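This structure is in structure tokens; I'll ask about it shortly.
For clarity, chains are labelled A, B, C and D in written order, and residue numbers in each chain start from 1.
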């Protein structure tokens, strides 16, 4: 899987001259979107099928500030996979230095009911398991 | 009509320590939402009736920077009202100093077709005309 | 202490029609700024004295979606207070329903060196301890 | 000059499922940053030399909505160049369809005084004039 990269824009930096901490949550989403696309099953395809994927929780540990024009590499892996939930882990680096470590938990809903990923999207489920075995 | 007020948050300020210029376009939307609410016809009520109101154009002239904790007062008035379009004018002030002067043009769409405001929302139309006469 | 309230704007909602999850991290900051202001020691006063307060980590558990015009009440309390770090807990509610539970950890830096809150800002430290005793 | 491209993220789309109109002002900044970088004189280099470049005004005409994953190509050219101000014109396209046409006016400040671009940055001035002649 290709590592996602986010180039920091001017408007993402705050008064302290560094990326505002809330933006890392957005970079995580970008990396997740890219990762699912690489598996051939993007958010847009899910939404077209009537399945949405709300965020259950997020956590971020900020290790080092980043700033304008920094290229943040975001490595994403699946930490846990259960019937109804998936937990992603993220390691963000700038020039090999870890700047942020994060996790996010997601579920899948269809008509407001929880969706079992293995049954609803068996091909995607299988591919996700494969990425976990490779690690 | 009551003047809308936006208190500048930390995350709205950029590396130069001032409100990022893109945010004024958001403050304009906040003032517009508030203004329509005061007329008794909010965006949410329109959307519930199947009418959306896309932005046709915006323009902003930045007169003076604003920063964290500034209270920006946003005076809104209707500059033009035609069959399919409405033009709002905005004057934003901090402690009586003008900080930004702006305009925005909007239309109304129902099932992707232009909506004539006077026919579709006659009560709202009448109220808007009243605000123009008072000025 | 007065509970901080954030009224959800149109631009804070995403394609799913609910507040984008990254925005809660911004609401937490707004509540924190307000809370420190209520204690008489705002971010701006600290920054003017040369002390910045980076975010060490954040975590959010999303309990219920919120949307345009919702009034989110954000109760903030200090969970832990150590020599160099402070942990805030947040409970966000809309019409008495909990929508998000969160925490954030912060340190204080002066000339890039950790600041012991009790020594650098004894009055603020005492006031924070008081809020913890009242709880 | 290479045309700048912005891929629309999920969080840039609003309740109507399209890019929120305020975001185009941010995309303009991204294109401007990239364009100055291509001329070898980025915002960061200017800021390092103590020159900031505030936005004097912006205007956007929204021609067609864009949405999640759209690749927006942003062509930038210099519309006017005077002693103290520069006006950029932007044409944004998705799959050859024009989605937004915009302009922005900028000045340059050093110690809060207007800077004459031709005198302060003669090399950059010359390169900008060259791009205008090529057009």
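One rule holds in what follows: a contact is a pair of C-beta atoms (placed from the backbone, for glycine too) under 8 Å apart; a residue touches a chain by one contact, two chains touch by 3 or more.
Bear in mind the structure is a predicted one, so any value in this text is a computation, not a measurement.
When the interfaces A-D and B-D are ranked by C-beta pairs in contact, the top one is B-D. With every chain reduced to the mean of its CA atoms, the largest distance from chain D is reached by C.
If you average the CA atoms of chain C and of chain D, the two centres end up 35 Å from each other. One finds 29 Å separating the Cα centroids of chain A and chain D.
The geometric centre of chain B is 24 Å away from that of chain D, both derived from CA atoms.
Across the assembly, chain C contributes residues 10-11, 15, 22, 26, 29, 68 that each touch 2 or more other chains.
Interface residues of chain C, counted against chain B in their complex, comprise 9-11, 26, 29-30, 33, 42-44, 68-69.
Taken together, the chain A residues at the contact with chain B in this complex read 10-11, 13-15, 17, 20, 22, 68.
Within the complex, the chain D residues that touch chain B are 15-16, 21-23, 25-26, 29, 47, 52, 54-62, 65.
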